[in-house]
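Presented below are the structures under discussion, each in the form of structure tokens.
You will see two complexes here that share chain A, one where it goes with chain B and one where it goes with chain C.
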Partner chain A sequence: MKRIISFVFMLVFVVALVGCGGEKPKAQEDKKEPAAKEKLKVAFIYVGPVGDGGWSYAHDQGRKYLEQQMPDVETSYIESVPEGADSERVLTELVEKGNKIIFATSFGYMDSVIKVAQKYPDVKFLHCSGYKTAENVGTYFGRMYQARYLTGIIAGKTTKSNTIGYVAAFPIPEVIRGINAFTLGVRSVNPNAKVKVVWTNTWYDPAAEKEAAKSLLEAGADVITQHQDTPGPQQAAEEKGKFSIGYNSDMSKMAPKAVMTSAVWNWGPYYVETVKAIKEGTWKSSQYWGPMSDKIVDLAPYGPMVPEDVKKLVEAKKQEILEGKFDVFTGPIKDQTGKERVAAGQKMTDAEMLSFDWFVEGVDGTIPK
Partner chain B sequence: MTQEFLITILATAITAGTPILYAALGELLAERCGILNLGVEGMMLVGAVTGFVFAVRSNDPWVGVLAAMLGGGALALVHAFLTVTLQANQVVSGLALTLFGTGLSGFIGKPYIGIPVENAFKPVTLGFLSDIPVLGPVFFHHDPLVYVTYILVPVLWFFIYYTRPGLHLRAVGENPAAADSLGVSVYRVRYLYVTLGGMLAGVGGAYLSLAYAPTWLENMTAGRGWIAVALVIFAIWNPLRAMLGSYIFGGIDALGFRAQAMGVMIPSFFLKMLPYIFTILVLIMVTRKAMANRVGAPGALGLPYDREER
Partner chain C sequence: MIRLERRSAPSPAGMVLIPLTAIFLALLTGAVFLYINGLGSPKGISWGQVLAVYTGMLDGAFGSGYGLSETIVKAIPLMLCGLGVSIAFRMQLWNIGAEGQFYMGAFAAAWVALSFPDLPACVMLPAMVLTGMLCGGLWGLIPAVPRAYLGVNETITTLMLNYVAILWVNYLVFGPWKDPQGMNFPLSKPFTPAAVLPTLGNSRVHLGLAFALVLAVALWIALRQSRWGYEVTVIGESPRAARYAGMNITKNILLVMFFSGAIAGLAGMAEVSAIAQRMQQGLSPGYGYTAIIVAWLAKLNPFAILLVSFLLGALQVGGYSVQSSGVPAAIVFMIQGALLFFVLGGEFFNRYKIVCTGKTKMEV
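== the complex of A and B ==
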């Protein structure tokens, strides 16, 4: 008897759990369905919780922007979807629910997206930061390194110890490219400054990221920036009374005294453009790597501690980038050993930038092989 | 420089290890009475979020800690009900509660993401103790929640091995039928320690959101609850060794990052692996009954107890 009760109890519990998980999107659908049945359904999958205050949060801001700008579009999302085989199931479910456009917002969804897309040719898939495409699969990403370079200028002007700390997740080209762009920005205004790098080997662990930032502060850094998914490093800087530059979304709320600005993702305009193009039938699969002039990457508002002349300097450089007059990775660029890797006047190609595996001069750290 | 470096590493190992220590002590109590609780991660998260919410609302971190205890304890009570009264599978119930706790904490915490808490726990010095060279800065420049563990760990150790209720606790975990025949209420003991364990896990979560981070971000425990579960086995169900183990776990990251900042690459993957390897070794060891008895593994761990089937 007890066994049966316990079984029933567990069953109820599990059903309640599943119910909790699916509640959000369902509630949204119910509310809007009677009003207009012809709404275009767009779904998003996120690798982290929307409350991470970083990567997934930024994507979700984009989703909200899309819904606001296009009232005839209905959006839903599923958060904390693990990369790999599980994402295939989630993608299939979303298609079965009638979504016509799906944005998969993490690198590790790549193979699942391609697989599911083959089965459903009339659904469009957009995959963030990947490199595999198909007739109905496009990729998208932004040239974050342009914003990184600009924040580097602020850091280079701010540092007194000439040591800047960079908390980095994994040694992959995307992260290395960001570190290099940032360092070039720093050295453009302060050739004596060094950028110290500490790898955390995690995308999401606020406490560990904070700890890594603390180790950099102890090693003499007085400005901290990061390539992680949470504001942990910013809080370390705030506590020690030092400065910091955020990433992903505006992090000034989390560390108001420390954050000078943040290099931010601004996915909203891209989502609106893409959904419009698909609706009008003008969309074609492509590998989109959006520059700053498309507003996909930007700088968050400056904190009150950033002096006027620095702001002017940054804005001037930003203008050059927006007008296409300046490219971050233009030679001469030397690597850590002092060897010239990019000749004067030469520009690095996209392919070269996408496979970065070396640090520029001025980076104090190693790339684990 | 080297002395200062060592002090920082050791002091950081303690702060980084404290959330794991609280959770591990909680898990240790539950396992000592024979209940495997895999819901620690969920209980930590619920503790972290309730602690944070109440600390922000009341502007008093101790109110937060109390709320965290209630939050973690409430979830553990569900586990006790499922596994003790209904004799459900402990693994399934624990995993379900971790999923549930993760979701629930995310739901409760939505409006509190990223906001700062004004009155977070701050390091407090303890007079002459903090002035002792080397030992002072390592052990006595911490926040009050760390000092609590300095007392809690030896007290728990003494309680488990040298008191009558401690004996009952161990007896229930070792052989519930025998304990029952001696008049110890197995159900009551298991309810009590599973719930207490959940409360401690809750405090562990609150330590992250109120002292270590201090902020609320979804899923901020990032797997520390699981480390705590492994750690209890690593510690062979002894609170003193759990303390040591927590500090080792905490110290590995602290050491790894600081070595990197000084330009030395140490293979952090290897260091992080070591405690788990030891955990597996202990698990292999306790599969042999004689060995299990000698190291003191709870004999009835994971087994439901039914009076009628005695």
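== the complex of A and C ==
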């Protein structure tokens, strides 16, 4: 009897929910629509919260920039969307809510983006860091490795223990490429230094990221850098009185005594350009991989602890990169076993860089196979 | 003086009023957070707009055919995992390992799909179901053996095995199962169409729903009518009485943990086959853990499990849906947390009543 009562109650509750849910909001939508029609609706989905102080934060800064630059665009975002079954639904809902352009800002949304894009050919999808495209799906990313190389120079000049710690998310090409570029930068000024890598197997986990950095500090690292979504590793360095290089956004606020500079994303200009192109009808699906000269990647201002001569060294190299005189992955490059993988004078192709699955000499770590 | 007194039986009025009050208080708490947050507008928001957030959540979850179908998609793994853990809970076996059993079920099903891509659907899908259930069941059996023979606490062993299962799947997608065409990204090859469970029309609602419905009916009958169901209930309520009655407790522990794991394994199979359609990490955002809440809220009743799963699915679908109107994810998670907190907390008042007496006498 009691069970039946509870069962009936739940049934009534559900029916009630369905009933109320179905009617009211529709009336509201009707009222809103005429005003909203004039604006182009653009939506973003983030893998972490916008307050992560790193990856999603940087994208959200780009979104705000877009809204500022283009008053006739209305943006919205959905944060903390897991990279699984949920993303497909969230994307579909955003389309159903009238968004015409959707930026999906994490690698794991790739398959969902492709599936949803097939259903809605008149909506444009831009997927960050993936490799699958379609008529209405483009990918975008920046050559972060160029900024990584430059930060490596600073780290190589700073380290006393010749051990630099690198907290890394997943052993995928993007992360491996960053570690390699950073290590080449380090070794260009300090051939004895080693870069020690720890995998966290998560993009966003402030506690795990910080713990990983602590383990590196205990293993003798005196400079910490990272490929994660939050400033956790920077805070660990600050607490130990060691140095650090930030990633994603300027992390000097979170760890002012530790952060020497940050390799930062600057998505705003790209978002503005893309939305303009789509609006004017000149957009075509492509795989955009923007170099430093497009300003999509950059260095944050230096901290007061960085000596003048190091700044000069970095700026000179930056100039060479901007002018296209220097490519980070130019041979001779040896792998961890000492085998030469890129011959002297040769440059790695984009395809090779996009499928990096080996570490350069000087990296102390393994890639799970 | 106030003291608590155990109710001999929950009062019928309380069973309706207590959850209703709990839901009301939770929504009120959420409303206060929303009001303080002001949705990023400098002038703040009116209470009417707060109400609009709630109706928006309902609308996202139930307001359209699509929302409703996605709520069901979200509920299917919760239903199956919830049914799975409920059998174990009925025997007072604390199987916290549905998450791991889910992953092992998904692993075995994916193994069939990836190893024998040429099988036709009529062979492929049954094979995936069977291996998925078998593997999930065996994963449940591992902690059951030391529990049955040595009395080792299964709460900890089942929990620990979750991490083993998740890391095992991670190892596969980062290593041997990595798609050679995937540019070193941690994804397996996509399944062939034969390995994908059929779905209802254009939606993502898949055959897993039928599995859950059939299982719920079967469990309800088995627990009520069969001798085995009777044994499970008696062992759960009083192992000593069960032993006097000559019931084989060891055998039942093994059997129940196997079934419990097998059903969670089936959930994993359905999810990997119908939704992910390839092996990948993060297949479950914690379905196995949420299932524990589902089973408790439903008081282990199979049909109530279906309903509670549906409601929790709605809570999540609706939560994402209101974000685009400026509600931060953190607030949505707080509302969801408040609902669970109050509803679970309200359970307390179903079992105890507060009695005011004149004398100072502490009896709790």
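The working rule: the second predicted complex is superposed on the first by the 332 of 369 C-alpha atoms of A that agree within 3 Å, B and C clash if a C-alpha of one lies under 4 Å from a C-alpha of the other, contacts with A are read in each partner's own complex, and residues count from 1 in each chain.
Heads up, the rule we're going with is that a residue touches a chain if its C-beta (ideal position, glycine included) is under 8 Å from a C-beta of that chain, and two chains touch if they have at least 3 such contacts.
If you're wondering where the values come from, they're calculated on a predicted model, not measured in any experiment.
Trainee: In the overlaid three-chain picture, which partner chain does A:80 touch, first (chain B) or second (chain C), both, or neither?
Mentor: Both partners.
Trainee: Return first, second, both or neither, reflecting whether A:305 touches chain B, chain C, both chains, or no partner chain.
Mentor: neither
Trainee: After the superposition on A, what does A:206 contact: first (chain B), second (chain C), both or neither?
Mentor: A:206 sits against chain B, while chain C stays out of touch.
Trainee: Check the residue A:196 against both partner chains and state whether it touches chain B (first), chain C (second), both, or neither.
Mentor: The answer is first: A:196 touches chain B but not chain C.
Trainee: Would you check which partner chain A:253 touches, where first means chain B only, second means chain C only, and both and neither mean what they say?
Mentor: The first partner, chain B, only.
Trainee: Check the residue A:316 against both partner chains and state whether it touches chain B (first), chain C (second), both, or neither.
Mentor: Once the two structures are laid over each other on A, A:316 reaches no partner at all.
Trainee: Tell me which partner A:355 touches in the superposition: chain B (first), chain C (second), both or neither.
Mentor: In the superposition, A:355 contacts chain C only.
Trainee: Between chain B (first) and chain C (second), which, if any, makes contact with A:215: first, second, both or neither?
Mentor: The first partner, chain B, only.
Trainee: Go through chain A and flag every residue that touches chain B in one model and chain C in the other.
Mentor: Looking at chain A, the two contact sets intersect at 2-3, 5-7, 9-10, 13-14, 17, 20-21, 49-50, 80, 201, 368.
Trainee: Can you list the residues on chain B that touch chain A in the complex?
Mentor: 8, 12, 16, 19, 82, 86-89, 92-93, 96, 99-100, 103-104, 106-107, 109-110, 113-116, 208, 212-215, 217-220, 222-224, 253-254, 257-258, 260-263, 265, 268-269, 306
Trainee: Under the touch definition given earlier, write down the residues of chain A that touch chain C in their complex.
Mentor: Spelled out, the residues of chain A in touch with chain C are 2-3, 5-7, 9-11, 13-14, 17-18, 20-22, 24-26, 28, 43, 49-50, 76-86, 88-90, 92-94, 96-97, 107-108, 111, 131, 170-173, 176, 201, 354-357, 368-369.
Trainee: Which chain A residues qualify as touching chain B in the complex?
Mentor: Listed in rising order, the residues of chain A that touch chain B are 2-3, 5-7, 9-10, 13-14, 17, 20-21, 48-53, 57, 80, 165, 196-202, 204-208, 210-212, 214-216, 218-219, 230-232, 235, 251, 253-256, 364-366, 368.
Trainee: Hey, which residues of chain C end up touching chain A in the complex?
Mentor: Residues 9-10, 12, 15-16, 19, 52, 55-56, 58-64, 66-67, 70, 73-74, 170-171, 174-175, 183-186, 204, 271, 275-278, 280-285, 299, 301, 303-304, 307-308, 310-311, 314, 316-317, 320-321, 323-326, 328-330, 333.
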